[in-house]
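Think of it as A, B, C, D and E in the order they're written, each chain with its own count starting at 1.
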């Protein structure tokens, strides 16, 4: 079986184009996560896959068949809506049971599955309540429960965990992971803005930006080898620090001159034609280390110290105009605002992008 | 609810509603009070005067001369003008043009040596030196302070009218299906017009709005002709309950569809979508999602459709007939008024008798006009 | 007793038949073009077919009833409008020609426009105010019932009610109409309200407003209650006072329903005749189109040609409203 | 269920009942009758037709409607008319006849009317209409008549004030002025009748017309052979104006005339002090007298007198009434018309209330009381009987422009203008 | 000025008690964050502060005045709703301008402030749209913008960032932090389930659970010295690992016997009466280090490896029944499922709770 294929899918609302031609091949059983900035078209894409939004252009195939005109109910999908979309007049139980009732499942089966889902989502207490008497997170859980209860070929989740607290979020995330493991044949498409969710759940992540795909790949690949500046800055939190640089020497490793005046070698091969060109040098906050010696990448003044317990974020100003450079150092540090600190980083973990934003690293 | 109920504005709200309610009920209050009044009073004094003691000029008649008794060589007719009413006579007279010529208690000389005395309590006495002649008693005009007096006679008369019970049932037989059927039919149609895409939808909506304007009177003759034709063709009576249900349905549909469609179109789209994703067909969606969520609109339309069919006379007369067996309540009550439609006291009472059922319907359906039916379903603007 | 049984039986039967239709046809449709259980091209093809058919199944009873009960009479009216009084002989536009020259007709048109200006606006306005205000007080339901009452009262009853309001007795004698009683109590002299040309139109309109406010109130009340509470809460937090919340948050959100109510009452006004018939029968220059039509249709055997011609005019007057509705519906569908 | 046992009371002509019974056996058939009588009248009519059922075995289904005018048009147009229709409007009947919805009653009935009804020719003329084919024929049978030329008063008030019942119109006018001079108000006139406001004034005008112009003029007027603007008509309207447009003559002044309900206006007679002394209205009006009023004692009437100066006009009587016609020609329908020709069919109703008949063979003694008998005699003694003109005119005029015109008239318009308006309306429907 | 005082605030919906008596003193200008599991009553509490929910019991004072019955508009607050509550009939601009218009600000001022807020929230493009034509995140931003535009004494935020992508989230978070810095007098009350937000923004965090307060304190205090098991597990992600233990020796440091059989000393003083009692031993995933020597705390089998790029999460099974122990190790590790690994931790960073869940550490 071939799963889901999107061919040059487009969508426009009147004159506004929101999806500009998406090509994507999703294998059956794969867990795909869509990430991208707010408003980039994730929900729209998901809704098109569900059949809720008309496809303005391109083709969508499920299992090799064109489904552009197939109604949602025939696509074998379950969906968690970003805005919950609960049935306000039904209790939590009925909300979850609705799909199964429609499918004509037996009463016992319905009861069993609803209770199982409620258990997982800690909703058992609330089964008899109407949505209006639930908290935001509880509503969201009902929406998830509703999808879980059904047994679809494709699961669509639109930011399903955004209103949950950390613990529940982890728990539910693990449940979803388990689910996807148990139902190896079920394709999952998941929209999130949470890095951890994306990284932990995805077989592949699709990074969207303004209606087109920036990069598709397994989580670590995206993290380690972002194809372009957009992905580089989007994946990882806090975002990768980008420092303008000039290529001074090329070859198997490239040597750069950073704005600060310091040079740095990067383990990325570049063609000799690139010498002298401007480029963007990238280093992730968590790849920065405090250097005590002279072998440092750059030096800066601490503007803000954020101690999160586990790690400390240092905001370094004065290096790049406008934005501070952020360093994420494990543990709790004895650093104060105004301290001058030198940073170094592992050469292998550095990134380099050309002026168009494309990575110099071979894909 | 927002915890603002104690704001000072609330008094303004109370006051304005009170004012509006007063304005709106005042005319009806007139009718209500009138329905409880004596029929002769209706045309003589304003209904609001019935609420308080009022001074009225009344006419009474003494007992006929045959009731006279001889007392101390004089002939005396006595009795009471008020006949147990709790009124107080202040003045009296015996000529129509001077009805208040004498104060209560004084003796009036009414000629031929006769005197008439009327006391405050309404008791009168005519004393004559000679035997009185004639068959009719003396007219006595008097002014009395009459306290408010109400009677249920009008209601009794209406409720005891022959055939009223049967007509009541006839009316229900007409009104209930004529309310439910169009709602059902209209709801399906409204759903299709609101949420099912098909070509020509906008035009169809407009046509239905346009049909609202068709005057009922224009349709009666062609339709009755059609009914007669159909009836003759199938050898069934032309005037049946089914016929009138359908007629009421036809006339009520445009409004029903228009109202319901407007309401349904306003339901959050995500809920329908999620049902669609859950595998529900349009039919399921309609029955299980749209219908329950449209309850406020259904209830409001039901109130009106019921009301119209209940109060209707014309359609019932034409499509059900005016005979005794099939006469609806409105028809029965109108018939009570007599050929010249005179009896207001009947009219007032029957107006209140007919209003009860629609009010009950209104009251019982009002609770479906609920707040926050959609609360908690979707998030967003 | 037997009648009661018969009544119950017919009622249940009638309603059931209707239910059976909808369930039955749907069941059949799903049976003939099955999609449950099936997959692939066949299923989606069947689905496309059912999706094309189903709206018409849903609408069929309504459309049939509408055609029989309303569309057919419309055509019949149009036909009659071009025929003589018996409906036998074709007379071309002569009925319309007569109409234009008829003073009463012109008077009716003028009056109808007055009605159209005043009644829908005021009835909707009062209905809205009542619906909004009664939601905020504990005796709101009672207040609503009282304001709804005129709607429920039979027409004959209403006519008597207003007789007791507008009744006129000569100066000096006791007034039994409350309006004159008030005027007299305030030192004025009584007026025969119904006979004051031009203004008497407004006294008649008051009656319709009095009745229709209940209609507007019920519909708008349902709509008001559908407004998401959170938006009101947000406005409260934003510091809006009662008026601002009402006019800037609530009213715009139920604008669609207000338009519906307004439209409905407007159309009703076009058709209004019983009030005029009962109160003045068009005398003292209060004639309106519908009453004029009724007059020509049925008085003394009737003149179907002229009656129908007036009906056609009434129907033509509704066309702007139809166009406006088409526009709205199209806009709304684009939004979907 | 029969109110009067056949054979028991000698004032009834039981023989005619028996004869009728012998001649008709229609057992098992039904007859649908559509009539204008509702409420009390309906109950009375039921008592009468029970005898028809008794005699023939026909089951009668009677129905009525508040809007009988509309109802009959709809029913006949749509093809489901009753068997027999009874209507009070000759204009409407003429229309039905011209559209072919009525069956002619035949020459034999015509002759019967000529022979048996007082002023028979008047009745025949009234019941003869043009059919669909354009030929005139007798289509209706008058049954149950109201006399309109009555003036109501309270005898005791008259006695008290020393007034006499006027015998001539001159006297009546003098009396009117006398009452004013005595500080009273002579007349109660109310034209209000909801949508039919104005009609009582048309009775006035017609009554006065019959007293100022010849019956032929009257006939020409109602058929518009002379225009509304004819001097005779305008004169009659102005005569009415003499009474109604003088603030001193009418209770409440002229302004109150149009807006006082006709049902309320007689109550002024009984007020204390009396608001008026005289009230012109048809024989039905006692139903609107205060409860307990005994006609003949508490209230009474006199014949609206003719002008002494115009003896040639005799004693004209204005009236109204209902006419029965066959809308579906069935044996029971025919039998019903036959039944109406029997004295008993009249006497049975005469013995109750609100029924007058010009049928000469009906026993006058059958009238339930003296006032009814007196009215019956007015009817029988009339030299001229004329049907309510507004009912004879086309609906648009008789039940429209004429009414409206009269309302405008008491509102201040001149008689000539009113007549002109009415004539214009008449021209418009020609 | 005294800010906001809650005294034994209670709330019940019919028979359901959802807030069981909250006492809280919020100083003017303070930034308070409410955290707690979904459904614990955060939104309800916030809505009571706003005046949208009637207070069933207790007293609320703003600036020393009892405000239980003061209407929302008189409390000088701005609020971001969890469900956005946008005005559906108004454009984005009008939504944001509404409050100011009501307050009668000048046109220019309104325009200026709305545009400024839209700029911050990247909404400038959408100012003319209606809410229904916005994505979930965009709607949320409008809701935030609406609050920012006004100038209240108290800001209330109910999960304002839950639907935003990471980058925007960080940016908005920083904006909110700046806002609170600029308006030093403005009190902020902020509900979130995001640890980072809570830690970075809060002056003090209030941890709620099932309608009551578990602990109130500055972020680091909560992280380092949770008052009880609930707070310990709730603050920090992944949650603190809890291992059943028995106290074997007390004193300035306490010695424990863990389930695994190993013993460990903890730098927490306990009374001698505690010897022999059962206790819960806690260690945060990020405090665990891989030990190569013999000096380890416990040993376990790796069940799951989650490589997030910056850190790797190891799920260790077999130590505590049911739940895995989680370790968060910086960098990308070459660890596979099934590996047996030993862990050690800094003694000072260990936690100890009694059977009732209370921390042994002096507060």
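Note that in this section a contact is a pair of C-beta atoms (placed from the backbone, for glycine too) under 8 Å apart; a residue touches a chain by one contact, two chains touch by 3 or more.
Because the structure is a prediction, the values reported are computed rather than measured.
Between chain B and chain C, the least number of touching-chain steps is 1. Shared contact partners of chain A and chain D, listed by label, are B, C. Nearest to the common centre of all protein CA atoms is the CA centroid of chain C. Ranked by C-beta contact pairs, the top interface belongs to chains B-C. Taking each chain's centre as the average of its CA atoms, chain A and chain E sit 22 Å apart. Centre-to-centre, using mean CA coordinates, chain C is 40 Å away from chain D.
Remark: chain C and chain E have CA centroids separated by 56 Å (rounded to whole angstrom).
The distance from the centre of chain B to the centre of chain D, with each centre set as the mean of the Cα atoms, comes to 32 Å. Multi-chain contact residues of chain A, defined as those touching 2 or more other chains: 71, 83, 133-134, 136. For chain C, residues touching at least two other chains, in rising order: 51, 228, 231, 233, 236, 241, 297-298. Each of the following residues of chain D touches two or more other chains: 67, 70, 73-74, 194, 261.
The touching residues of chain D, counted against chain B in their complex, run 32, 34, 36-42, 61-67, 70-71, 73-75, 77-80, 156-157, 160-161, 183-184, 194, 261, 263-264, 267, 270-274, 284, 287-288, 290-291, 297. By the touch rule above, chain C contacts chain B in their complex via residues 3-4, 6-7, 10-11, 14-15, 18-19, 22, 26, 30, 51-52, 54-56, 58-59, 61-63, 65-66, 68-74, 76-77, 126, 129-130, 133-137, 140-141, 143-158, 160-162, 164-165, 174-178, 181, 210, 213, 215, 218-219, 221-223, 225-226, 228-229, 231-233, 236, 241-242, 256-257, 260, 263-264, 267, 270-271, 290, 293-294, 297-298, 307-308, 311, 314-315, 317-319, 321-323, 325-326, 329-330, 332-333, 336.
For chain B in complex with chain A, the residues that touch the partner chain are 268, 270-271, 273-281, 284, 288-289, 292-293, 372-380. Within the complex, the chain C residues that touch chain D are 86, 98, 102, 159, 163, 167-171, 173, 192, 194-195, 276-284, 295-303. Listing the residues of chain D that touch chain C in their complex gives 67, 69-70, 73-74, 89, 91-92, 94-96, 98-99, 194-198, 251-253, 255-256, 258-261, 275, 394-396, 398-400, 403-404, 407-408, 411, 428-429.
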